[in-house]
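What follows is a group of structures, each given as structure tokens.
After this come two complexes, each holding subunit A, first together with subunit B and then together with subunit C.
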Partner chain A sequence: MKQKVTNQTRRKMLIGGAAAASTPLWLNVANAQADTIKIGFPTPLTGPFSAEAQDQVKAAELAIKEFNDAGGFNGRKAELLVRDDKLNPGEAATRTLELIEKDKVNYLVGSLSAATQLSINAVCKERKVLFNSISQSDAINEAKDWSVYTFHESLNPTMTAGAVARYSIPRYGKKIVFLTADYAYGHEMVRAFERAGKELGATTLADIRHPLGASDYSAFLPRIKALNPDILVLCNFGRDLVNAAKQCTDFGLKSSMKIVTPVLLYTARLAGGPEAFEGILGGTGYYWGLEDRIPTAKAFNDAFRKMYNGSVPSDYGALGYAGIKSVLASIKIAKSTETMKVVSAMENLKYDWYKGPEYYRKCDHQAVQTVIIVESKSKNMKDKYDVFNILTIEPTTEKNMRSCAELGHKA
Partner chain B sequence: MNSLFQLIARHRVLTSTIFLAIFPFVMPYEALAINILIFGLFAMGFNLLFGYMGLLSFGHAAFLGIGSYLTGIGIVHYGLPWGIAILAGVIGAAIGGLIMGFLAIRTRGIYFSMVTLALGQIVYYIFYKAESLTGGENGLRGVRVDPFNILGIPVDFLNPVVKYYIILFFVVIAIWLISRILNSPLGAVMEAIRENEKRAAACGFDVAKTKLLVFILSAGICGLAGSLRALHLSIVPIDSLHYLQSGQAVMMSILGGMGTFFGPFVGAAVMLYLEDVVTTFTKHWMAVVGLVFMFFVLFFPKGIWGTILSKLQINQDSK
Partner chain C sequence: MTGLTFELLCMQLLTGIALGSIYALLALGLCLIFGMLNVVNFAHGAFFMVGAFIGVYFLGVTGNFWFSLLLTPLLTGCLGLLTERFLVRPLYGRGLDYPLLLTFGLSYVLIEVMRITFGIEGLPSITPDGLGGSINVGIGYFPKYRLFLIAATALIILGVWFLIQKTRYGLIIKAGAADQEIVKVLGVDIAKVWLLVFGLGCAIAGLSGILASPTRSVNPEMGVPILAESFVVTVVGGMGSPVGAVVAGLLVGVVYSMTSLFFPDLAELSIFVLMAVVLLIRPQGLFGKAGAMG
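And then the complex of A and B:
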């Protein structure tokens, strides 16, 4: 008997719950129009990429400051809402939901790994919120993940690894061995390097895969030595790259082959030191040394130095700067903060924030930009920031990128 | 006053439901409330095995992940309606529980924990390697719930409040189920096994079968939490299957009070809320959360909820 009563109460509760669920739509309508232009900025402030992330935030703050100092948009100032995504895609999705639903941000810029940017993009795409990604990924431009609200300020593996292949293969030889961190990003790098290498007649002798976060590479080194390639490509990052580079150097591989890496990060090089990276060349989106030849790089560096006690921006930092700049500039051009108007303004944007002229390719919103090939220095360094020689700047044309048809976009 | 508490404790499903129905309005934002709901359910499912039967599993992330992935794969690759996809997630997780439980219950104590940990890692690598289905490292994207109608009323799953109550609906069903299990003879046998396995066997109970059954039930409930998480985040990250996620269930249960009905939920709420609030102020959030966790473990050995219950002297049967 007692059981029956509680069953009925429960049923009432459920009906009540369903009724409650359909009503509170009005709760979120209030405060739709805030005073400031809010830009959400999820990035991994904690975890293995925190150094890069903090630099992104610093440079993004600079872009916000420049916008506000110039009077904002019709007197409306911009505001950066930084959130720690902990390099965890689940956390990144939750934080993005928070930014959109609670903080009512107008746009999102940010992220620092393929997985987190894809999760942020998935959330933004469904809610029709503009997201300008500042981390490398090939997948984000593919039709499956892409939406009209998705922009990709960063380079992607096809562009960086391709540029490194085009630079190194004609100079050092056609026999290639890859040492690859066994995860999506490593695989994308190999695929992109091989894609560019095929046109140059390169052959892959082996793609040796190691688990992510491996500390000991000695087991692979004799095999690499025995294969005797012309070029060894290290498709790994952060500490993996530092460890692999160190052990390859100690093993004496550099005497018989050239070591290259698709992405040579400024911060990783600072952390790894000159010995480990001696003579290793790679691609990057930005190096402060560009200031000798590019005026906007000089202006960006000077503004950054002034704001942050003489330190220079890193490659990922520069992306944080450009990511914000592009969105804010588009608001001014569109004369509106409305998402679709800003999207079309960004599609037509021709900009030069820090590294020369850039624009977003119409079909997939990938920023068409240069790739800088740098080589790590070990001698004659002026100060602690002086770590790379710029070997060349490859002006990326759309023909070096995967075509829109290849990415699955129609028309 | 005390009788009021006794009354609340007796109708634990009803009171938890009322509490959870007003919960999103006291939280800073709905996505966090939904996360707490989901992880609370995950910890409650885990606690069934850990708190009530004394089996410490380090592999429960496997069920969270299987639930998430099967629901996600169902929607993304096979276009299943989301209700069916949830069912697929729960059943898949329960089958996973059957297999894992079958292998693990032969062992005891630390060996049980190690076996579950190892099996959990195997599940992790299976899903990690099945890249064409799961997206591997990048995770599975595009788990979306299209707008639909309930009794002619259009429901937009993207509205956070609506989403909360839809997810709450499933969570309440699970809470009711857990309560029923614990109130049944099976629940009594579970506690008997926790207290003294040999004596329970001597009384004529089939210890092995009970363990397996509870393992499956626990896995299914954690699978439901995973399924709901996939719908909530609209992605399935690979770290759903990571062993740290299993560790989180252990921590939430201990923090809230293992072996109490609502304790794991309290643990999940305190941990996630704290983490959320502290990370907006400092990047050293781990230190703060760690200190708070240590404080509670040292001074509240029964956990937050367990301590409250014993202070109120609520009798053991209805805790």
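And then the complex of A and C:
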């Protein structure tokens, strides 16, 4: 027994070092009571999405701190158990199983990739553990993958790519070329963009697929230029998007077409710099600049700034925050930590943690929320955090989502 | 494919040559080290990455690209000297696998050091003043920086060729690669030659890193995929043949580019198919001597 405790402590220290060395929260871990509310948090701390993952952890820690500072639930404090899933579905499943069986977590929140979240979800579904996913996926809400224990805090490609299509096609034109990372998420973005584009009369000239993680896209660009579309849609993510944006800029594609991307991430823009992303527009779930118009965004940013030396939360960070908040708030409403009671409390939750009102749609537990269309700035930036202009906010409506019937749900 | 024009084909060819330039440079460094020391340097991609980081960092500090272009190979070269002297040298005479495993491990150490120093997100790279944007090359617009890249690569390759073919040092290097015993007997301190060749190889890797940085994002893992591609180039060209490295580098770039035009999703695969075909027809590579690996 003693051996076990030592092992756990060591692992926590390792993770603390890797993920959040600066947070004082690890002090809580040391004197955590036996009956803390444990939330497992698998996320790819290493690998190409690690920047986003580390931000998820930071913001999740903030949500835990706020819960504990407010007295917890009947004096029970919450505790975050972060695990590195290395962006590998197999690793994610193993870590999840370990969290459930060995660490006895009450709930799971986390993940950052369509494939890993599906494997985490599969384990949770089988073990009947509540999982609130904070990464984009269309498949997770479809009846075959979904279970009553599955919640999806994140936006999905149908919502983001759809919003970007609805914004850009009427403004820039109907001839579309896609440059797509050849994996499930890339394909989902194309499908969603085309779905929204069809209603607006858009036509696809080509969907050029590149291997995931390609570092040089120049070989695809002369053909894209020759096709001469009105809009080029970059359906890739993370470093792929950074490199693609940079090379499209170098090859002068911006002079003859508008470049858009379904998901324009704060972290990718920081990594790529203003020049590469100049004029590129895309969808996102959150941008800190919302604080001028949304009070909860201001409160969230301020709390985050206070905890992390003035830095601002990213879009995926915000999801980590909201994912934890929803679960913890539902415990208080349900007045119980029992999974099914928390599930039904979450189903009825109306919340506004950081971006305006949200709720989980009954049939598939998808968070119904706004999509923010942002454009990358290259001039008049106030500081290094000032990277986007908010062009518009597509309002919350279930109309833009796939219907419950389409997803295979009965309701 | 519709819309296939002569201009598009030429543009694709030029893109392939620009792409191949970096491959050629990296493979040149790899094959110098292999040809002379019989060391398969698995840390070559990591030196490329370190070069990109150092270069972009100093570019940020000084704002002068040319200064970075000079300083980076010096620093990565010195790092190479230290690596050879203290890590690789004790392993000579133990076959190919010991230095291979050592440099493989070293690459992970270098990646981790860069993660700790510069953070996991990497650095935004900057295109030097005057080389941003694109220019009309007669068949359409092409990025100025990539033209510069082709020219710079050609210069560096010429420089290395001059060093090996026209200087006394080159003569020693060539002689050392052919028969180190005789060179030793003739009174040349072969250990010093190995040291300098390893340093030179790493300097070229670092230089390719800073040269490539404006075209891609600079991050700790950037050396991993390009190392695999460089090995393909080295094998296609023939292990240890500098001419082979240059020719195969450009060839791989052009094959990748042309495949991208017709079958974009097979682009990645195409260079491995090329390698398989070359190995079937000429197992020693295009310019390699038979039995170079032994």
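We adopt the following convention: the second predicted complex is superposed on the first by the 377 of 411 C-alpha atoms of A that agree within 3 Å, B and C clash if a C-alpha of one lies under 4 Å from a C-alpha of the other, contacts with A are read in each partner's own complex, and residues count from 1 in each chain.
Here, contacts are C-beta pairs under 8 Å (C-beta built on N, C-alpha and C of every residue); 3 or more make two chains touch, one makes a residue touch a chain.
Here the structure is a predicted model, which means the values were calculated and not measured.
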item: Touching partner for A:S50 - first (subunit B), second (subunit C), both, neither; value: both
item: Partner chain in contact with A:R209 - subunit B first, subunit C second, else both or neither; value: second
item: Which of subunit B and subunit C A:E347 touches, first, second, both or neither; value: neither
item: First (subunit B), second (subunit C), both or neither touched by A:A114; value: first
item: Contacts of A:G272 with subunit B and subunit C, given as first, second, both or neither; value: second
item: Touched partner set for A:D145, first subunit B, second subunit C, both or neither; value: first
item: Partner chain(s) touched by A:D84 [first = subunit B, second = subunit C, both, neither]; value: first
item: Subunit C-contacting residues of subunit A that also contact subunit B; value: 50
item: Subunit C residues within the subunit A interface of the complex; value: 3, 5, 7-8, 11-12, 15-16, 18-19, 120-122, 124-127, 132-134, 140-143, 145-146, 214-217, 219, 221-222, 225-226, 256-257, 260-261, 264-265, 267-268
item: Touch list for subunit A against partner subunit B, complex; value: 6, 9-10, 13-14, 16-18, 20-22, 24-25, 27-28, 45-46, 50, 83-84, 86, 88-90, 93-94, 97-98, 101-102, 114-115, 118-119, 121-123, 126-127, 137, 139, 144-145, 183-185
item: Touch list for subunit B against partner subunit A, complex; value: 11, 13-14, 17-18, 21, 28-32, 35, 131, 136-139, 141-142, 144, 150, 153, 155, 158-162, 164-166, 168-169, 172, 176, 229, 233-235, 237-240, 279-280, 283, 285-286
item: Contact footprint of subunit C on subunit A as seen in their complex; value: 48, 50-51, 54, 182, 208-211, 213-216, 218-223, 225-227, 239, 242-243, 246-247, 250-252, 267, 270-273, 275-276
